[in-house]
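For reference, the structures are reproduced in the following blocks.
Each of the next two complexes has subunit A plus one more chain, namely subunit B in the first and subunit C in the second.
Moving on, here comes the complex of A and B:
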């Protein structure tokens, strides 16, 4: 039975009911250009931090929008705010402000306080 | 005893403001750090005292700097400040000479004409009266300009005038009332007694023809006294606090006190010294290109004074330094803004009019300390030995032509160098600092410092002005930090590189961080003059424009950035140059997006003009040692 070559992967559905969108809403309110992101990954390709580690702003954007805040919190600290992502973004997303706002949002909410 | 009840409002106001200013200055002095106290004391008994007196006369009274930039606006400020000063000075002398006795109470000088209505009929008295009238006319002429400016700011050559809060408006009205009410009060008194000189005398005698001058005079003396009293009492909670504060500022600055990183007495004194004249508003590119009109330095100072939430204002700024350059009071506006950014979001009191008088020291709540290191993923710093270390910087990696040109120049010059971030380096830390995150920036600074130490280099060259500023100011290194324009200038002077002359028309755009930020104006222009025809433009050196791409502004949208870049490029390319030269990769990138003209970094132009020396042929014997080959 076990030689059909099938494996069972872990559950990958996103539960929008239980996800916490507060951080995402906080950023949407203050930086509307966050909505413009098409997740092209240009930011991750040029990233200074991404040169040393697996940090990816594209990944962060997706995680914030999904509300998977627990994963965002630690990764966020790695950003150096150098601004290269801002310059390569084809949609004019103010990426640096998103990172700064996310940091502020985490500091404000007690649940995620670092 | 000469006394009348109408002098009471004036007396209350005067003694209130005197006591208030003395108390406030004692508190300010008390709050100074120990070294700053010593500096101030030393300054008070030294050369700084004389310099300060001269500066107070030239700037606080004559308003020389405003006169230089805008004659009509300067005249307006001068007539009110210097005129009022003269009126008080000569009024006191008048009361002292002609009064009943010497050393009178202040109100006797101010209301001299009321207590001595018969004074000034002839001779020296009349001549003195003429002088007093002349001063009053001088003030009134400025006042007419000031009133017109409020409603139509173009009259003094300003595009925008500052918006005021309600207490400012009351204080402004009382200030405006002071001099016309003095004029009318003196005129009616003169009219009744047949005295007075060309202004008060003639106006008085004309008014007396159809009005009962004797009865009319008294209410105007009341009005004069009340408007003076109101003005003095409102002074501490309005922008007019700049009048006494500016004197402290000048003394403190001349004593060598610096703004520093944290809020303190000096930053508070500077905040109160802002008169909201609005010159920074006209200088600001966010105002005239992007139409953002509520974040200029005058509004920042006002918001700090009012205990408003300033985070929105403080973050929305390009930090180009144009307002610092133009401020007639010489307030260090960008450092003050940085203090606000570092402070994060402070906690604000409920606004209360009494709080304005007894303002608690600004409570800066630093952001919660983060325990672990943020950038512990960075590798162990490691660097090959070299004399000269070249650091391209993040932005230069996005504009590879600059990087490649620099490599070409460095190779041609034959110096022993090492490319520190060839494989992509670590950010210099300045962008984090501009966001107010100094602690994080320190981690990156430490990393880069170790890299530089390990290389043993004596000279550090960078292509990015943003990096240059932070390496120069915030790194504690024993190496010489150069921007690549300075380095190229040195190579040219030494004769290490030879260049052709390019027959091209070039206009130079001075980047903010390099020019106003670090004071490097000449070297880039010298290099350009060496290789091309450098043309003049309207926005040079201290007055240069910002490209709009600045990393300092966290809030600005990409559309507004484009507007600023577009306006700046239009100004710079008015004479249709072949090349728009700059010395910053970020400026280059921002400008090339909005113009047809070729935008090039200085290093690119130099690399284009470079004469590459052919390799020296090894003469003599064919057999050469490896050592000789290595010396080629």
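Moving on, here comes the complex of A and C:
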């Protein structure tokens, strides 16, 4: 009760400079097609997981690129790696591999270990 | 009897019109307000989509002025023109009277004056520049900040003065997106260590080879595209530029720092064009460009018989479209002069 029931909301703003984008760099290096995403949402629309939960691969791509790693780690767990997203991507992004690489990257990093 | 046409404006459209008219033996007086021809093309170093040097295109266009039958009048503007029964009387800034059978208006566009978007800090912060300023840097062969250091992180802001009712321009200038992509590639080519970010509302890549260029920017040059309209720019204590934008695809506000910001200035009806519209009683549209008689069949035809339009005085157009529009204007004029005999 020392705060008299008050809390301070955490900021929602993405602070690009202070975020850690090593996960994104790890994926860019190994799957260059990651750069080609135009955020059309085709992957999210076809995604079975996305039809039953709030998982969105399009959103995940953005969060990885911005270095919002805490959120990425939680969301990654939902993907079943079926690869349907790969089939619909109009830009030929190897979407499934992005998830695979993100999982690997997290495993390499103690801080973000899944 | 020989026919005489006055062409107002010596940019891409005016030059092409003059060249085509002279080919069919029509006398042309080409009126240019500046000391040299070429118009807005003179501000550009390289052109999309193939990054061809603008000097090549200028060489072709400026060469036209040597054609027989073209009387080029530089440093000249139009003060007045009147339609008489079968001809026009035109008074130039030098007080000279020209008698013409027809007029082609090719007054082009002006780049949006970016200082009007005060929140982006053009003219306030040294390292906020426009697309035209960047072209000048490319021409000079150096991209540097005001303190002569090399920028590492560069932001490109799309839609400055376009699709923005706050500045009275609700239309899309349609060329700035591809210009941003072209310039992003050029920056990366010029400064291989740099990082480039484009902030867009929509990527309007509706021209031949535009989408390919966009893809190249992502794939080969690692340019990042972030969807969101930058709301404001402020300077930090260490002379960086802090922007605020909503990352609309993440659904969250985003802040980011840059060394250099490039504003993609849109296209507006030129001041020269507005003056001509005023003195000639030519109809303009809500977007302030000259209004075509018919959107499908009469884009070169004005509300005054014998006055025709060519190029970007009617709408934003790229060079390819401008050349086509200029040639179409010539066909309309030939048709008109034939009937007026």
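Going forward, the second predicted complex is superposed on the first by the 101 of 114 C-alpha atoms of A that agree within 3 Å, B and C clash if a C-alpha of one lies under 4 Å from a C-alpha of the other, contacts with A are read in each partner's own complex, and residues count from 1 in each chain.
Methods note: contacts are C-beta pairs under 8 Å (C-beta built on N, C-alpha and C of every residue); 3 or more make two chains touch, one makes a residue touch a chain.
All values derive from a computational prediction rather than experimental measurement.
In the model built by aligning both structures on subunit A, subunit B fits alongside subunit C without clashing.
When the shared chain is aligned, subunit B comes close enough to touch A:107, but subunit C does not.
In the overlay built on the shared chain, the residue A:16 is in contact with subunit C alone; subunit B does not reach it.
Of the two partner chains, subunit B is the only one that A:78 touches; subunit C does not reach it. Residue contacts after overlaying the shared chain place A:59 against subunit C, while subunit B stays out of touching range.
Touch criterion not met for A:4: it reaches neither subunit B nor subunit C. Superposition on chain A leaves subunit B and subunit C with their closest Cα atoms 13 Å from each other.
For the contact definition in use here, the residues of subunit A common to its subunit B contact set and its subunit C contact set are 33. By the touch rule above, subunit A contacts subunit B in their complex via residues 33, 46, 48-49, 51-53, 77-78, 80-84, 86-88, 92, 94, 96-97, 100, 104, 107, 113-114. Those residues of subunit A lying in contact with subunit C across their complex are 12-17, 28, 32-33, 35-36, 38-39, 58-59, 62-63, 65-66, 68, 91. Taken in their complex, subunit B has these residues touching subunit A: 345, 367-368, 370-371, 374-375, 377-379, 394-395, 397-398, 423-427, 431-432, 435, 437, 444, 549, 551, 554-559, 586, 589.
Note for the complex: subunit C touches subunit A at residues 203, 215, 218-219, 222, 224-225, 227, 247, 249-250, 252-257.
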